[in-house]
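In order of appearance the chains are A, B, C and D, and numbering begins at 1 in each one.
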Amino acid sequence: MLSIPAYIIVALVLFCIGTIGVLITRNIIILFMSIELMLNAANLVLIAFSRALNLMDGHAFVFLVLTVAAAEAAVGLAMVITLYRNRETINIDRFNILKW
Amino acid sequence: MSEYLFLVPLLPFIGFLINGLLLGRLPRPVVSFIACASVGLSFVIALLLFFDLKAMPADMRLIEQTLFTWIPAGSFHANIAYMLDPLSAVMILVVSGVGFVIHIYSVGYMHHDPCFGRYFTYMNLFTFAMLTLVLADNFLLMFVGWEGVGLCSYLLIGFWYEKKSAADAGKKAFIVNRIGDFGFLIGMFIIFWQIGSLDFQTVMAEAPHVFIAGGGLITAVCLLLFMGATGKSAQIPLFVWLPDAMEGPTPVSALIHAATMVTAGVYMIVRTNVLYMMAPDAMLVVAIIGVATAFFAATIGLAQNDIKRVLAYSTVSQLGYMFLACGVGAFTAGIFHLMTHAFFKALLFLGAGSVIHGMSNEQDMRYMGGLKKYMPITFWTMLIATLAISGIPGFSGFFSKDEILWKSFSSQFGHPVFWVLGVITAGLTAFYMFRLINMTFFGKGRMDDKTRKHLHEAPRSMTVPLIVLAVLSVVGGYVGLPHVFFGATNYFEHWMAPVLSGGQAASHALASGGGDTGTELGLMAASVLLVLIAIYFAYLLYNKSPERATSLREKLSGMHKMIVNKYYVDEIYGATIVRPLVYFSLFLWKVVDVVVIDGFINGLAGAYSDVSGYLRTSQTGRVRSYATVFVVGVVIVTAYFLFG
Amino acid sequence: MIDTVIFFVSAVIAVGSAVMMISQRNPVLSVLYFIVSLLAQAVLYVQLGALFLGAVLIIVYSGAILVLFLFVIMLLNLRGTEDLGPTGPAVSRASKYLVSVLLLVELVFVIKASFFSAVPVGIVDVAPSEFGSVESVAELLFSNYLYPFELTSILLLAAIVGAVVMAGRLRDTHQEEGETETPTTDVQIKEEV
Amino acid sequence: MENQILTLVTFFPLLGVILLMFVPREKTETIKVLALVMSVVTMLLSFWMYGMFDPLANGMQFDVNTPWISSLGINYHLGIDGISLLLILLTTILTPLAILASWKSIRTAIKGYYISMLLLEVGMVGVFCSLDLFMFYVFWEVMLVPMYFLIGLWGGPRRIYAAIKFVLFTMFGSLLMLVAIMYILFEYQKYSGVFSFDMLKILGELPLGHQQQLWLFGAFALAFAIKVPMFPFHTWLPDAHVEAPTAGSVILAGVLLKMGTYGFIRICLPLFPDATITFLPWICVLSLIGIVYGALVAMVQKDVKSLVAFSSVSHMGFIMLGMFALNLEGLEGSVIQMINHGISTGALFLLVGMLYERRHTRLIEDFGGIAKVMPLYSAIFMIVTLSSIGLPLTNGFVGEFLILLGVFKSNTVYGIIATSGVILSACYMLWMYQRVIYGKITKPENEKLTDLDWREKAILIPLVLLIFWIGIYPKPFLDRMEPAVKQVLAQVSRASTVEAEQAAPLNSMLETPQTEPETVTYNADGDSHE
């Protein structure tokens, strides 16, 4: 006996922890990981619903999301490296050229 | 002959155009010939028209001529139309006659002046404007002449524009005239508003039906028109410009500020006598201001040292007499005095001109004296004029002034107080006139010897006009002999009667006032006696023992200082009107315009940029703060959907 | 009964490690915590019948992507000792927590409002036999979702090229030293941190 | 050809602009001559139009009405009556004079200068003859752009501030006007089912409720009041004038100010009669303030141009007051005064410009004793000063007298206050004239000033002749505008009587004396010939 809302609530909690992670941390790597966490929380919701509705589309969707997450992580990390190379720091607040 | 009426004003205008357009190119003799010829010719035509008019039966004496419609605006039709009736006949004779004489005189007087052409251009323009004023057949055309003469007096007073005082005097004259014109304009509007037309004929005919006699509106109209008259003829509130107008060349003072322009106010009141007869309290105001101005100006005249200023105040005073005459209903006497005054006052001014000419532009009487032997003709002609103005029997001044005094005593609107003040003023007039004669012509010369060497009699072209005017100022009086003298018929009164026929009520009132000749003779004797005493005093103080005059002056020093400084009238006007007006406009400009309105707008712009400045700080450049804003947005949106 | 216990344990582990992940100074530790959280999530996947995806999550995601993270951290030689500058003002940190919690509360409300009322299925019994199996996912992927599937391959290609170009070694600056092309990317790492 | 004359007059300068494009920049002489020729030809065309104008016909003449954007009901609808004829003449006379005046004073970007001058003329003539609200608005904006460049590029030191202020003021007003036009459009669509911007149709058919009229009148009145300028909105005028080049100020004062008053006569009065009567006291009071305020502030100005600018505020106050006397004399006076103000203030700015060209300063105290050095200049300056004071036999008097007469008939109190303006105008003009022209030569630079050369004479003589012509024989102008003025009065007296009781002192105005024309059935002959 599975109570779907419980799983969704767990996913939401994970999602919000991811949000907190994005807002609080000043380390770019952790920022990325928090975003990845939020992504996974979303996947969890998808799977919970596909289970609730007995549809496999949720799974297909999660599969695609994972590939996108992978691509995004790769490019993101490449950027981190270039950023680090220019500024020798990974503190995100240093990169504020857009400041008025 | 009547179709040449329009030529009378037109000729000086043509003279003006020729001299004006070819200003620098005409040789002097040609310029002076054109100027004098045009005025002379118009005088001849005026004379012919006068005889035409005389030939007509008494009550139909009217020549009319309409040239073209000037402003056709719906119900309002103003056209350029000239009208000649006995009143304007007298006026054009005086204007063109005296004008012609003065033109001849000024040829000599202005001989050495560089702007010779410009002077005669303005003089011709003035004559045109004055003739238009006098010949106009409706209020609007009269107003055209009215402002035209105002303009010419501005130009001629400020003729030597390099002198700041002259330019100021010109400006002052124009603005004070404009204040008068303000009243005149509003009077005209009320007339048009009520009667619907501005032509004299219709206005005089309709007035009794439209206005209620003695009512508020008619009094307002008369007072407003009188305000215009005071502006132009320099009466109490608005007389300040005339003494300063002496900055202009002397012939100008003679023509404009003695003989013609200043009398325009009197002419206007006589022209609209029908209206005035319907508003007795307006007449009272006119009389009061007239006699007050006469007395007030005479007192100031006592202590003036500049020869022309004495004459200026004497003009103001004599004008006061004329307004007194109009005020008490004796319009004929007013016009008669206007005519005689034109003659002897022009003569006085021209005489003063030749004195100044001889004294190489020295105007202060304290440096004159003993000129009798150097300038015999000027002396004798001025003596005649002085006798005339003081009202010595046998001279024109006596007849006209005495007529006014008698009417002010006896007429229906008159009052003994007017007579008393009038007689005292006559005395004062005699005193300051003879003071002038004694100080300039008698006693020992007080001028430095450089000017003494230059002393010479004026050239023929200046003395002939003096003689002509002297003859006129003697003969002029006999035209209007009061019938109290061995029953002589008063030609002038008969001549003027039709013009006043409009106010029938008025004319018979005048006649009844005739009353017993005994009192008239008695009053006449009293005034002559007072005049003789004044003459003796003047002789005593300024001829026999000048030191007594100085001692008298110390005793009355307070009063004397008051008079010398003209009761500080100019300073009072300056402080109460001019300076506050300037400060108020400065306030308006600096505060209202710049601070309030511009401040508001620039403030708006400033506020706008401040707000945008504040909003700009939200762009911190830090990615995390943007992320926070994202999340806040999401929260708000979900909240809206949840609870909205 | 056993399911709910497993569910609770793995849920707690997932949330706990997630919290530990974001609060670490040392990035390596945070990656490891993240892997633990993923494993717990995989258990949840399995409980929800997504066997194949659970496996994919463990093998592909935490195995490959997070290792990549580790690799980059090692590459940049981050020991968590870098000075990350002063932490922002307390009020802004607090407001950030508040906002996230608020978001959580709202989402819970959303779920409560929509789920219990709209979708009748609250509690479900056992899933049909090959519900989460590879065949069903693959069969779906290659029928309805063929285009997205192909597109993701292009996406991956683009990502690879992008990553290489961006993080590739700085050829132009070293050309003048005449160095031979070294296959490995030599990143100028400053020794002192 | 006859009925196309209006299109010709309006767009001929545009042809000039196109030709100017082809002339290379450095050939300044040819640019100048071409621009002058173009504007003079436009003037001749407008004289020809004046000749063909039938003074007695009611309604619009030379009517051209072809659908332009029929889906929105916008027609290319041109037509003029007496009032717009005279204003077009004023424009086409002033522009060549302005171009001639800027022969030597403009040295930078000459080609752009003359292009914007000709564009300006297109905009102005267009406004005066367009009978389609949309086209009216388009020309209104077209006129704004070149004026902005004239002030902004070739102006004095503070030109940017002045140009921006000028544009923002006018733009603010014209946006409100656009909203009002849109409202009318939809109101008409609701009423008649079809979109139409045509003024004459809207005038004839559209019944507007009292409340609607109030708002619409308010919007239009604000736009025109800023342009006039009336009292509180006038602060852009002195800045614009002080900073504008000579020709710019001549056109700005000569014609652009008349846009506001023309707008009132063409749109506000006829279309919203009820609102006109309700707003009447306000506008009269504002224009009275304008008269006295303008005159007083003009008295204390240090710069001749800003003095003349404030005198324009005062004169325009007269014009507005005359217009809102709502009787024949007042309205005719205000229209003729518009022409006079254009001529005398235009001439004043030309004169000041000539002094500026010689001395490069406009401060009054820098001058003095000019009469000695430049006699002809001083004589012309005197004539123009007298015309702006309103001395009889000059044009100023005719206008001022009629206005005062009209105002007096409609409201005696306003009349008396307005007449005081006569004194104030004499004060500041003569005081300025004396400080600039009379007196001794105080500054050495003033000694070697040269008198007018032939070019400057060619500019001033026509204006002086016009001053005396209108002063002595204004009959032709008054006759030509009479039918148009009667038309406007007929439309205004359409106002429902309920309003009349409310405005008690003005009831004498409503029953104008016996010359009220027979009830002019509004022959909307301006109907587009579908």
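Going forward, a residue touches a chain if its C-beta (ideal position, glycine included) is under 8 Å from a C-beta of that chain, and two chains touch if they have at least 3 such contacts.
What you see is a predicted model, and the numbers here were worked out from it, not measured in a lab.
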| item | value |
| --- | --- |
| Chain pair with more C-beta contacts, A-B versus B-D | B-D |
| Innermost chain, taking as reference the mean of every protein Cα atom displayed | D |
| Whole-Å gap between the CA centroids of subunit A and subunit D | 69 |
| Subunit B and subunit D: spacing of chain centres that average the CA atoms, whole Å | 38 |
| Whole-Å gap separating subunit A and subunit B, where each centre is the average of the chain's CA atoms | 101 |
| Subunit A and subunit C, separation of their C-alpha mean positions in angstrom | 6 |
| Residues of subunit D touching at least two other chains | none |
| Residues of subunit B whose C-beta touches two or more other chains | 628, 631 |
| Sites on subunit C at which at least two other chains make contact | 96, 99-100, 103, 107 |
| Touching pairs among all chains present in the structure | A-B, A-C, B-C, B-D |
| Residues of subunit A defined as touching subunit B within the complex | 19, 22-23, 26, 92-93, 95-100 |
| Subunit B partner contacts - residues on subunit D that touch it in the complex | 165, 232, 234-235, 293, 296-297, 299-301, 327-329, 332-333, 369, 371-372, 375, 386, 391-393, 397-398, 401-402, 404-405, 408-409, 412, 415-416, 419-420, 422-423, 426-427, 430-431, 434, 437-440, 472-475, 478-479, 482, 512-515 |
| In the complex, subunit B residues that touch subunit A | 616-617, 619-624, 627-628, 631 |
| Contacting residues of subunit C [partner subunit B, same complex] | 92, 95-96, 99-100, 102-103, 106-107, 109-110, 113 |
| Residues of subunit B touching subunit D in the complex | 23, 68-76, 140, 143-144, 147-148, 151, 154, 158, 161-162, 164, 167-168, 170-171, 174-175, 178-179, 181-182, 185-186, 189-190, 192-193, 196, 581-582, 584-586, 588-589, 592-593, 597-598, 601 |
